[in-house]
Amino acid sequence: MQRTDVTEMIMTAKIRKDIKWCDVAAQVGLSKEWVTAGCLGQMTFDARQAAIVGEVFGLPEEAVLLLQQVPYRGSLPTAVPTDPLIYRFYELVSVYGTTFKALIHEEFGDGIMSAIDFRMDMQREPDPAGDRVSITMSGKFLPYKTY
Amino acid sequence: MQRTDVTEMIMTAKIRKDIKWCDVAAQVGLSKEWVTAGCLGQMTFDARQAAIVGEVFGLPEEAVLLLQQVPYRGSLPTAVPTDPLIYRFYELVSVYGTTFKALIHEEFGDGIMSAIDFRMDMQREPDPAGDRVSITMSGKFLPYKTY
Amino acid sequence: MQRTDVTEMIMTAKIRKDIKWCDVAAQVGLSKEWVTAGCLGQMTFDARQAAIVGEVFGLPEEAVLLLQQVPYRGSLPTAVPTDPLIYRFYELVSVYGTTFKALIHEEFGDGIMSAIDFRMDMQREPDPAGDRVSITMSGKFLPYKTY
Amino acid sequence: MQRTDVTEMIMTAKIRKDIKWCDVAAQVGLSKEWVTAGCLGQMTFDARQAAIVGEVFGLPEEAVLLLQQVPYRGSLPTAVPTDPLIYRFYELVSVYGTTFKALIHEEFGDGIMSAIDFRMDMQREPDPAGDRVSITMSGKFLPYKTY
Amino acid sequence: MQRTDVTEMIMTAKIRKDIKWCDVAAQVGLSKEWVTAGCLGQMTFDARQAAIVGEVFGLPEEAVLLLQQVPYRGSLPTAVPTDPLIYRFYELVSVYGTTFKALIHEEFGDGIMSAIDFRMDMQREPDPAGDRVSITMSGKFLPYKTY
Amino acid sequence: MQRTDVTEMIMTAKIRKDIKWCDVAAQVGLSKEWVTAGCLGQMTFDARQAAIVGEVFGLPEEAVLLLQQVPYRGSLPTAVPTDPLIYRFYELVSVYGTTFKALIHEEFGDGIMSAIDFRMDMQREPDPAGDRVSITMSGKFLPYKTY
Amino acid sequence: MQRTDVTEMIMTAKIRKDIKWCDVAAQVGLSKEWVTAGCLGQMTFDARQAAIVGEVFGLPEEAVLLLQQVPYRGSLPTAVPTDPLIYRFYELVSVYGTTFKALIHEEFGDGIMSAIDFRMDMQREPDPAGDRVSITMSGKFLPYKTY
Amino acid sequence: MQRTDVTEMIMTAKIRKDIKWCDVAAQVGLSKEWVTAGCLGQMTFDARQAAIVGEVFGLPEEAVLLLQQVPYRGSLPTAVPTDPLIYRFYELVSVYGTTFKALIHEEFGDGIMSAIDFRMDMQREPDPAGDRVSITMSGKFLPYKTY
Amino acid sequence: MQRTDVTEMIMTAKIRKDIKWCDVAAQVGLSKEWVTAGCLGQMTFDARQAAIVGEVFGLPEEAVLLLQQVPYRGSLPTAVPTDPLIYRFYELVSVYGTTFKALIHEEFGDGIMSAIDFRMDMQREPDPAGDRVSITMSGKFLPYKTY
Amino acid sequence: MQRTDVTEMIMTAKIRKDIKWCDVAAQVGLSKEWVTAGCLGQMTFDARQAAIVGEVFGLPEEAVLLLQQVPYRGSLPTAVPTDPLIYRFYELVSVYGTTFKALIHEEFGDGIMSAIDFRMDMQREPDPAGDRVSITMSGKFLPYKTY
């Protein structure tokens, strides 16, 4: 059994039992963004969290152990994603990549936004012209240092 | 002369004259995110905006005309970016891509977040453990329709 | 079981029972284009539609549930398609891509044709020199906005 | 001088003289789709057509000769296009590719839609919910033959 | 069961029963080139032909049905073939590709040689310096048309 | 100056002087296929042949010397060709590759068709349903040997 | 069963029975280079040779038949090999490729070294500074011909 | 000026002055294989050697300095070479790669053949059936060590 | 059974039995870096070492034999790694690659750092600003030689 | 002028004036590793440092300004490096990548080694069996956090 098998078990159970990601998150006691990423094989649960996830989805013991292992990250089958929803985020990186770079360097100097010390929040933003997806990302600025 | 030549002229003038993106944006009267993307060859300026940008950076007339043409978008030289700052955003798509997809579908049903009817705001988020980069993205939800 | 397994079940049943896509579409009450794309794993059926598809092809209950899940889209095994019929469409994008771009921008200004708020119709066009395939695509124009 | 140089000359002249593709097409006496594709280096003009194009854009004699040569086709710099407008067409091939295949084979049997004996028409389709881009493609069906 | 499974069944039976492609072709009553391509999953058999192929190789009923379905074409595992025999043909396209283009355009004007309305014949050409492989290809010329 | 520069000189002169490949071949005294491939940078001319080619196209002395150097072969800018005419030949390799292999092995045993000891002839094949391109390839069979 | 399955059987048997490649070669009566390549799925055995290989490794009858089929050649899972030993040979092609070309053309004129009419010998070369791997390759020179 | 410019200068001078690689090697006092690789930008000359090479080809002083710099190695424009002569060596790696690995490990244990402590000799091998290219490679065996 | 199966067995046993890499290394009597690489399928164990590893992880006999075979090295599924931890090392090669080259050549002259005669040590480096990962690599310098 | 032009100027001046990286570093007052990376276009100098570098290499004023701009990082022309020295580091990532991951996770838990808050030291390690390259890397451990 590998972590990808656990992800598939979770997806199947989710469909069969009609479980919502936000409810799993509430039971785990963390954000829906982090918990969903974990269920999809991208984060490491601790023993207590893994036990809850295991119970919610009815996972076997070995799967619960695997949820506590650091996964080999990367959730997409191709370097350029084919799924339209995910591609739009890739497109934002392609179109706005140099803009991110220019503005962060102007504000902070040389360095990067951490993708590790990072949190994210996704909300529905009501709008009369059609509701919007609102995503707020917050990553620690890490300066390049001389040595 | 092509749009990429205009971008290089802007970058050179920016260094020589020590111009800040946020000041250009203030003069154009729009957000720093959109104006910077435009200066980097990813957005289309109207005549008034292009004239301001042309004056700020001291661009020749043909360059000002080119700023008003719709560009061939895509700001990066490779499909997987090599620059660490930009790569971190690619990494977020790679790690969180299926999470974006799962949560947006749970909240909105089948569809995507538009990368066209889209706006973005980048701010410094003060933090005692080290300031953070905060990026808020807002894109209209576009539902898939049956027909 | 994954959505690709459901697609394979549908294909096998289609051959065994000699089912026509246009008949499935008629039973579902939607266009043959959308229903076929759904059966091939690219669209999401609602409960009523999935039940009909499940009955037509004799699918197990779990498959009917999977038809109601948003799929990871992308129907082709390689970035450049090898199948001659599908390659011709890729060739049209390669040859006419900049023409699409030039004419849409001339008519509408900067923006894109939506591939989400989109519908398509495929018909046989009788022609004495050999019948023709006629495809009409209609996608909402989405303008880029300044902010 | 190569055909790509001619395309660049045409683009520069178009911006400087504010020429519209539909006006060039009217002068040439053919559809805007075919003429634009030709100006963008994808079609071969005959002597009369090339002379008109040359006059409209003020091209040198050698460029007018090059417009009459069969070009090496392919208008895009990467196999997966980065420009959002053109990518949406690539996405349609990716998502609907197997659907095109299934429906054409159901209607016509084994064969392809020609991308050579092909014509295309792009129109604005007024719609209260936002105007739409309407593209009609017509390609001769070419059956595979046994031998 | 998929078409690739049928191809593998055919290959196994061919080895076990020591069947020759030219004998299968004789029984089907068509050229060895077309019949072999069909057995290798690249062509569509009609009911009568499929029945013969099924009998020759001892295929199950479902395989015989699959032989009558239009396949997803493309017989090679990589874009650049690794097998030396097949690579030599790829090399000919690489080395002679622009020559094919130049000579066909000189003789016929702008257009292509059809790979659909196409037939091929492979023969042994006796030669005192070592026998030669002789391949004659014939494809309909399809002219590009203005519209 | 490199061989690719010589090819570009030849192409420009050909257009300006309206030279035909078959006429160049006649003057050189060899087939139009080999001579065209040579002019396009894929074959090595001897001193006499290079002198003739140089005179026909009005090449400078250094170019005539370069025509006598063995070139770095490969005439296409991408591994999968984008030009429709050349792509059709790539498609034939993709679709018929395993068929070439199967039939050549059946006839000759293990080995390959040489792409070096090779000749090719391209002819127009008149046909009431539309003229055809006929290409005859002849390559020496080279057997794999045990040792 | 496919040839790759036969290769895996051979590898497993080799480990279990502690068989040496040079001993297999001695029993077959050919060089260790050719026999090993054959056992690894790259060469075609005749009936007698296949029977010996089958006996040595304890292969089932179908595997012995498959050893007599011409394989789809190419022994590596990626275009650029990841295994350090094999990569060093790829590196030699990358670094010395143009040198091979320059020297062979200087000595022989235009043509290639055959990889089909080819033999290879690998020996240990004792050296006080550390023993060396000595590989001698011999391939027939095949001249390009005019026609 | 970069090393690739020096390589191009050498190639041009070689053609103009009709210089032979073996004569350059003789003047430098080293093997034709190493000297040619150096002239083609893959090896580092010392001051004396560079002066000789500079004199033979009539290089400017800066080029002679560049010959003494360690180059960024890799002589081929693509990962899979398109030139037939060089491709045959790539093909040998592809077909015989696992054989090299198997035989070297059988003889030496785990380790590699060095491509750095390496020498090569290329000779014409007269043969009544057609002369052969004989290449002898000798690389130090480097064992993997435990630690 | 293949070496990758052995790696998977080891990973599963490690999770189930909560084994630490450093404890395995202690039992084998070698560094944790080399032993872990071996357990992950990248190094060759001798009989004694393999027996210990087999006992620790409870491996079947055939797996213990496979641990003593030289593996096909390369531990990553893609050329550019997607896992953030491993990507950072790839990023170091991308950013510092030419620096490694410049400094090693300045210190040692032309040659490379061996990745075979190589050892590595990974330690925790306590730091009040956050502990650090410290990796020391030591590889024999191998000079390029003239011949 | 772009940063890559500055890098080329520096390389040319370095050769002409025979400057050593370690001497530049001493003048800048920082490590040779960081200063060399900066000169090769991968790090950002402050005004004082840039002035020193400019003086050492005799750079024009605009180049000195460019040294103070954050560069688009990535020093290699291909995703898999072709230069043997640099490839060996890529090979270490390929072979030891999962080992780095396993050991860092065992010691620190889930997180990464920073490539930004990072320093490196390269030394010659004398060894009677041949001197060694010793590289010590130190990167801050960044833990993944729940949120």
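As written, the chain order gives the labels A, B, C, D, E, F, G, H, I and J, with residue 1 at the start of each chain.
As a convention for this text, contacts are C-beta pairs under 8 Å (C-beta built on N, C-alpha and C of every residue); 3 or more make two chains touch, one makes a residue touch a chain.
Not measured: the values here are computed from a predicted model.
The set of chains touching chain F and also touching chain G is given as E, H.
With E-H and H-I as the two chain pairs, more C-beta contacts join H-I.
Chain J has its Cα centroid 29 Å from the Cα centroid of chain B. For the pair chain F and chain I, the distance between mean C-alpha positions equals 49 Å.
Averaging Cα coordinates per chain places chain B and chain G 53 Å apart. Residues of chain A in contact with at least two other chains: 33, 72-74, 76, 79-80, 82-84, 91, 94-95, 98, 101, 105, 111-112, 114-116, 142.
Every pair of chains in contact is given here: A-B, A-C, A-D, A-I, A-J, B-C, B-D, B-I, B-J, C-D, C-E, C-F, D-E, D-F, E-F, E-G, E-H, F-G, F-H, G-H, G-I, G-J, H-I, H-J, I-J.
Contacts from chain I toward chain B in the complex involve residues 80, 82, 84, 87, 91, 94-95. By the touch rule above, chain A contacts chain C in their complex via residues 8, 12, 15-16, 78, 80, 82-84. Chain C meets chain A in the complex at residues 1-2, 62, 65-66, 69, 72-74, 76, 79, 115-116. Contact residues of chain B toward chain C in the complex are 30-31, 33-34, 43-44, 70, 72, 98, 101, 105, 109-112, 114, 116-117, 119, 142-147.
Taken together, the chain E residues at the contact with chain F in this complex read 20-22, 32-33, 36-37, 40, 42, 73-76, 79-81, 83-86, 88-108, 111-115, 118, 120, 122, 124-125, 127, 129-142.
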